[in-house]
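Read through the structures below before going on.
Both of the next two complexes hold subunit A, though its partner changes from subunit B to subunit C.
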Partner chain A sequence: MSTKGTRIPDWLTVPFAGITPAPSQEKGQDLFPTGNWRSIRPVYRDKLPPCNNACGTNEKIQGYLDLVKRGKYLDAYALIKEDMPFPSVTGRVCYHPCEQACNRGQYDEAISIRAVERFLGDLGQALTHDVVKAGKPNGKKVAVVGSGPAGHSAAYQLARLGYKVTILEKSPKAGGLNRGGIPDWVLPQDVLDREIERLVELGITIKTNCEVGKDVSWDELKKNYDACVLAVGLTEPNSVRAEGENKAGVLYGLPFLRDIGMGTSKVKLGPRVAVIGGGNTAIDCAREALRQGAVEVTMITVEANPKEMPAVPEDLHDMVEEGVDLMHGRAVTAVLGNGKVEALQLHPARFSGAINASPITVDKDAPAQRFAVDNVIIAVGQHASLAWLPAEFKNERGTIKIDRFGRLGDTKFFAAGDIVQLGSGQPLMVVNAVGDGKRVAFNLDKVLRGEALQPRTIPIDVIVDLNRMNMTYFPHFPRVQQTLLPPVSRRRTQDEVIQALTEEQAVEEASRCFSCGTCNACDNCYLVCPEPCIARPERSNGLYKILVDYCKGCRVCIEECPTGCLEGVPELDFDTGVVRMDTAFAISPGLHGRQAEELRKLGDRPAKNI
Partner chain B sequence: MATTSVSKKRMVRINGCVASAQAAKYADVDVIAAYPIRPYTATMMALAQMVANGELDAEYIVADSEHSQLSIAHGAASAGARVFTGSSGVGVQFAYELYSPISGSRMPVQMMIADRTLDPPGDFGSEHTDALSTRDMGWIMGWSCDAQEAFDNHLIAYRIGEDPRVLLPQMVCQDGFFVSHITGDVELPDAGQVKEFLPPYKHPYPLDPRHPVSHGPQIMPEQGPPLQLERARAMEESMAVIEQAHEEFEKIFGRKYDPWLEEFMTDDAEVVFFLQGAHAVTARFAIKHMRDKGLKVGMVRLRTIRPYPTDRVNEVLSKFKVVGVIETNMGLGSVSSGGSLYAEVCAALYESQKRPLILSFMAGMGGEAIVLKEFYWMTQKMVDAQKRGKIEKRTHWVGFEE
Partner chain C sequence: MATIEVQRQILPILGSPNQGARFYNPELPSSEPFVPGHRTCAGCGPSIQYRMTSKAAGDNTILVGPTGCMYVANSSYLCTPYNVPWAHTQIGSAGSFTAGVAAAYEAMIRKGKWKGEFPNIICEAGDGSASDIGLASISGALYRNHDCLIICYDNEQYANTGIQASSRTPYGGMTTFSPPGPLVPEGKKLFPKDLARMMAAGHPHCYVATASVGYPIDLMNKVRKGLNHKGAAYLMVYTPCQKGFVYETPRSIDLGRLVVECGLYPMWEWNPEKRAYDYSFRPASMRPVSEYLKLQGRFGHLHAEHIASLQKFANEQWRMLGVQLPEALIQAADAKNLVNMASAAQAEAVAQTI
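Right after this comes the complex of A and B.
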């Protein structure tokens, strides 16, 4: 008998036929630490989804879409409120750079992020008490000049940080551009009113009819507050520099919208209205003109075709649908009429350089065109009014000179929003102003706490390559479309044009999100691991853990991660938690374990002198 | 178990395949894993009828290949089922991957083999190479020579394999056609006898969601040898269990088998045939004839090749002057350059003080019958060697030499 007299030493005794407790049980894998086979280690490494990256205030868009998908609306609302004080507003007015960046756009159609944001914003509006609370008072006072998007955002973040915030607003009603620059049929007044109320609920004082340079001086700001955020926006309309521009019946875009928004408009439009300009404000003006009684509205642009217009395509589409005519490649060279505008003189024109960011070349030799109108609304941008600002803080663009942290020299003054972003290469839009207000508020806080301001150094990995995700998991699915009022009924009413998503629609749309590069706790890795080498106390981003003693680096979890947040990292890149041949075998006190001990001893010896 | 048709002891006239099916029915198997290949298919056909008729309550699973068949058998046994499966020829080879895992995880799966020559080219005849090629995979293995013995061996094998001291799979082999398709008288036992002989199957660590265990996990290199040693120990210790089972079988059923070797007319024999399986039936007939002519010839039939009864082979064969091994299998380039049985015989006799001369006969290949005159011819070769005191050559290809 060959086995007669044999004995298996205790340290090599294995259970009957190798049958052990199941790997899922306690000590179920203790006998077999196979992690040393691994050359690649799976690592959870969340990337930045392109939507979050594109958003002017870096809303955690993937995060709240995921929460909406799971029906956790309040959590989603709380998440969006970290970066955005008024999702009900941006849910309506935002030009949604996130949707342009959305990876789903490469696949079928981008997620309707703005519609979901509006769903959450409206949910927040309905709450008796907001989820956001003011921070513990730190005894410091900050003035925020201007209550537009940037001022609103800065005041909101500062209140959350514990500052006693006072908003100084020169108009009779707070809201700035949100109130004065956006028509009611895009953003109803009561929605904005509710968001302003939220600021008051946070303990913020709003002083209206208080204009800096008139009702309060620069020195008073310096004296009465620990710091100040200037978010005064661009209040003065640009001229087209045409002869006769001062005639009656010539209106300017922002004041035209602002007076209607503030309820102080005395304008009565004639039947034929021309709008000069090809941007979003011009579009709002043209559509507002229809609602103010104009019969024929024509938009005159220097841009040669609709594609070149710096406007949101769907707004342009809605405008044309409502009946506004477009006239391209023309500049107004004179406003004609006897005291009152009767017609425009037009000449062929084009931008001399890059579209709408360069001087206009007008072909004066071409025959002039006469275009009969009763009113003209000029909407070709705005500039600042900064007579009250010490000259040292003004720059050549006519805006406020700041450092890269938004600070005015060595002072405790900061500036945010259009007043610093004009001409900086940043498109002027509400969400960018909100983001600027937020960042400046955080910088201000650091300065007042005596911390150094440091530029951000962590490299950002924005995931834009669909090959980094596993698209097998995402069936094609069309975008949920928001309903619009029919064009005919739109023309004579201030009712909101774009309708809200239902709860079901919001969930359906959020469910289309890929969660690009970000763990959304789908549990796929946990399920596909051929051995239970992945542990998680509960399904939640950040709680998944690779059991490195056992993971053999088979890559199945990495390949099958739908969102691409799992990466394979060469084992040699690690110096902690490493299970290499020697250390792995040493786990059990077997033969190889003892060999490993010998090897370690050898390593301690000094090198031979040759 | 539907007991109506198996309650009373009775004689039937059936072939080896049906005898195997009857044995599976009497053993009340839980799972049958089937995939067709001639000649064993007839067993699965018979079992299918029994399940369909309600004679046998078992899961009858038709696999998509022999590999799947054995995988199913492995899984079912792991879950605690008594499993019956089977195959022939190249089918046996196709499932090869599973033989070591099944015995390594100590699952007493039972596999019926009706031998068939391996390709090339397609040949339906019997040859033992199919099953013999797996002989070192940790399966208990032996050949029957007729339908009754086939029936009995299945019951005995279950009893041995499922013994908690053993827990090993079993290959219960019979020659294709010579046993599988030739009808003989078979005594079917009383159900009570089987119940007494074969207790219900109970694995100590079955797969059960309520008591989770892990079968066949990865291990460290140093943890391999202890498992192999334990498997070797199980194979060795099965020898006592095998003997005990045969004694118990005789007590209950009244049929006596030596578990290792059948000796026929060996009392004063000087030359003997050493073989396995069905050709023993012809051999007995031939030997009687030759005895009438005064030749001192006998036969030793190996009944269990794994575990191999080395000491018994040594003890028994040392009594004779010449041993002629009838291979019925291919051992290309092997010790004798003939079949693989020769080496097993030689090795067993190496330590003998009275080593006989040993010849290897390549006979019964490709399913050919070994006819009487070939037995006479082989006997003559043995007698010549005895007279000469040495062998002419190790291996003779019977039918191709003068």
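Right after this comes the complex of A and C.
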């Protein structure tokens, strides 16, 4: 390049001949800072993996899978605990929206994220001391009403923030829906007990047999605590509004499971049981009924086929495998029998709207069908019981009225979980309640510290397009399957149906993760760089350094990045560390720091006459 | 006078963890004998190869650079990006110079004049030097079995002088010496010299292998095998040249993989002990040559019959490796089947039927 017409600063006029410094591994051959050839600069920019985005509580799924892959189980457990107080529970019960969103699902089979989560949760249960510590006490007291998933999560996060938390639980045992809504063969009680012990270890006080509206009033909550989180859940079962529904032998889904869970059940089921409803609770009831001694269990749903049922497909499959019959497109119009249930009167029915929360249209003209049963379990949803709540905080859905931060008006009261999510479009699932509890805890903290509340930002850069990743680096591998108890032996036992992964299996499964959009230190960019200007001072996540003095912008690293973490950014977007053409002849060590400084002063100096 | 036995370095062979999914390798050496600050083109294939090779060899290495890109672009103003001893030699004397370095070290160690370990002596010759001008001297060094590794970084042309055809330029490749025109529509009419097989056949006591920048761990292992071999070793490495091949710079590594997957650059090793070829390397998939050709401007002028003859050439290579050919590749070797394809996209559709 000719230097004619180029202004060369004094400090660049170093003799070319004579001494030529030797290159070094640290600095390279700095006579040729080839970075000024570049028009596009590679930049490590981590994107949000779809699993993290889909998770109800935005667990850092890619992060902990990567740690498991490298054998750092304790770090992985600590990472999962940032967002999830009880991975051992969700590792068993979660409906895993993460696996539905997994990019690997488009390629071969989704990662079995839930199984790995359970592996980590069980690891955490075995620890004598939990990795999570309570925050520095800030002297403020918070009450959390309800110890279900949302309450548990809110209490846990508040304790980590340094609050003195008291959980008020109306049942004799803490756990809420985790205990009362989930059968033992999905979630053994001792697993949950251990997680609740962990809460007590964090310094949280749990008052059982303490019901709001009965043992403690609204005003007392207001007076005795700095703030309060209402996570009371939906406690009252819906009825099917059929004639004779009050006959003996008619049971309701959630109380049925709750009594068994709390150990207070006195129910003796007859040989023939009908379950009304097509959701997850109905499925749990049907499977529990088999374990409680029923011989023939039939599930009666309004949905016309299994695909329309609002249930987790795996659970439905397992239920059918255990021998539950399905009867679709029917509604119960009357419960027949003399004082006790003897039969059901069924009519063809369908939902009047597109979604299955819409009103049911029953075809009364069609001939009624008589269906002989000994017991009926009705599991068609729940509603709230909020007699104690001041009327101004109730809404038309019969739940608590909140603003978008989960706050009740201008009060120090917040609400989380099913009690606010019913009808909001959020699935009423454990993980969603946990996420809600977590967000409300952080909002509460902000309010008590007098900070402004920020609306939740929806992440835009979720990497879902496999074309942004380099798929040549991912061979096809089948998913590691969790073993199940054989269906025959399941029917009479409370043993867990789904078995845990072994350590090797968990590592194998985690190794299948693409790490979508996130640097997982695979060394690809480091090894393919032609300069080589990608430095690896330490090998750990995302710690590669691009020496911008030398990078020519060939973009080989961007093309070869398997995860799509590296991006090309036009050089003109940067205002720091830029090597411009008039510095092409810079020939002394450490020149770019100096260049930048000199270039800043350049405006004050007169141009040199060449 | 008592003679001292020459102690050689034995470099460990790298494992390929994670089933070859990533290059992440905890055993990867951290030393960097080839540093940034050189004036090769952006995305330079030979430079990728140079870096991987020198990294595999380590710090106790002497590099010999006969005239070629890696000399011209890298050593102007008497300053080089090499952190280890490096010497330039004439393009025709690559082998004799390297042989001299090796012989000198052996003699000095034997006589007790050099106390250190025997260094890794690597000659990095371009294909111009290795297949045309320096062929005789390299053959001599291999024949005399000096303890050195001679690498031919094969960018399939004389690139630093402005893209002229060498005897490694493939059939149909456009260079300034083989421009396509009405009389010679394919550009280059001759098929490339099969240099590596020639070296294996002519010097069966040497370790000979072919490698590609698309498979870095494999390349580094072949370098280490060559250095560990007691005697001369020869390695031919496919290194794409962005200026000569006319492709987008990010595809350098991709081309290194595609050329192997298309069968145009068979990967093998010559085992000097058994005196036999080792054909066990298998790429992840097999593709028609059109997928490789369509990425490069130097093949832009080819007609269907030329692509078919390249496919026929690739099929012969696959057969030599003992690979069962899929029906689609056999059909793609017939120009009649290709002539209906107006575009490379349609040729690619053939691949999907494999």
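The rule is short, and it goes like this: the second predicted complex is superposed on the first by the 551 of 610 C-alpha atoms of A that agree within 3 Å, B and C clash if a C-alpha of one lies under 4 Å from a C-alpha of the other, contacts with A are read in each partner's own complex, and residues count from 1 in each chain.
What we mean here is this: a residue touches a chain if its C-beta (ideal position, glycine included) is under 8 Å from a C-beta of that chain, and two chains touch if they have at least 3 such contacts.
Computed from a predicted model, the values in this text were never measured in an experiment.
**Q** More residues of subunit A in touch with subunit C or with subunit B?
**A** Between subunit B and subunit C, the winner on subunit A residue contacts is C.
**Q** So, A:T472: does it touch subunit B (first), subunit C (second), both, or neither?
**A** second
**Q** With the two structures laid over each other on chain A, which partner does A:T34 touch: subunit B (first), subunit C (second), both, or neither?
**A** In the superposition, A:T34 contacts both subunit B and subunit C.
**Q** Return first, second, both or neither, reflecting whether A:L527 touches subunit B, subunit C, both chains, or no partner chain.
**A** second
**Q** What residues on subunit A does subunit C touch that subunit B touches too?
**A** On subunit A, the overlap between the subunit B and subunit C contacts is residues 16, 20-25, 28-29, 31-34.
**Q** Using the touch definition up top, name the residues of subunit C that touch subunit A in the complex.
**A** Spelled out, the residues of subunit C in touch with subunit A are 18-26, 28, 30-32, 34-45, 47-48, 51-52, 77-83, 213, 216, 242, 249-254, 257, 284.
**Q** With touch defined as at the start, can you tell me which subunit A residues reach subunit B in the complex?
**A** 1-3, 6, 8, 12-14, 16-25, 28-29, 31-34, 585, 588, 590-592
**Q** Report the residues of subunit A in contact with subunit C in the complex, numbered from low to high.
**A** 16, 20-25, 27-34, 37-38, 472-475, 477, 511, 521-524, 526-533, 536, 539, 547, 549-550, 552-556, 558-560, 562
**Q** Along subunit B, where are the residues that touch subunit A in the complex?
**A** 104-106, 167, 204-205, 212-223, 225-227, 229-233, 236-237
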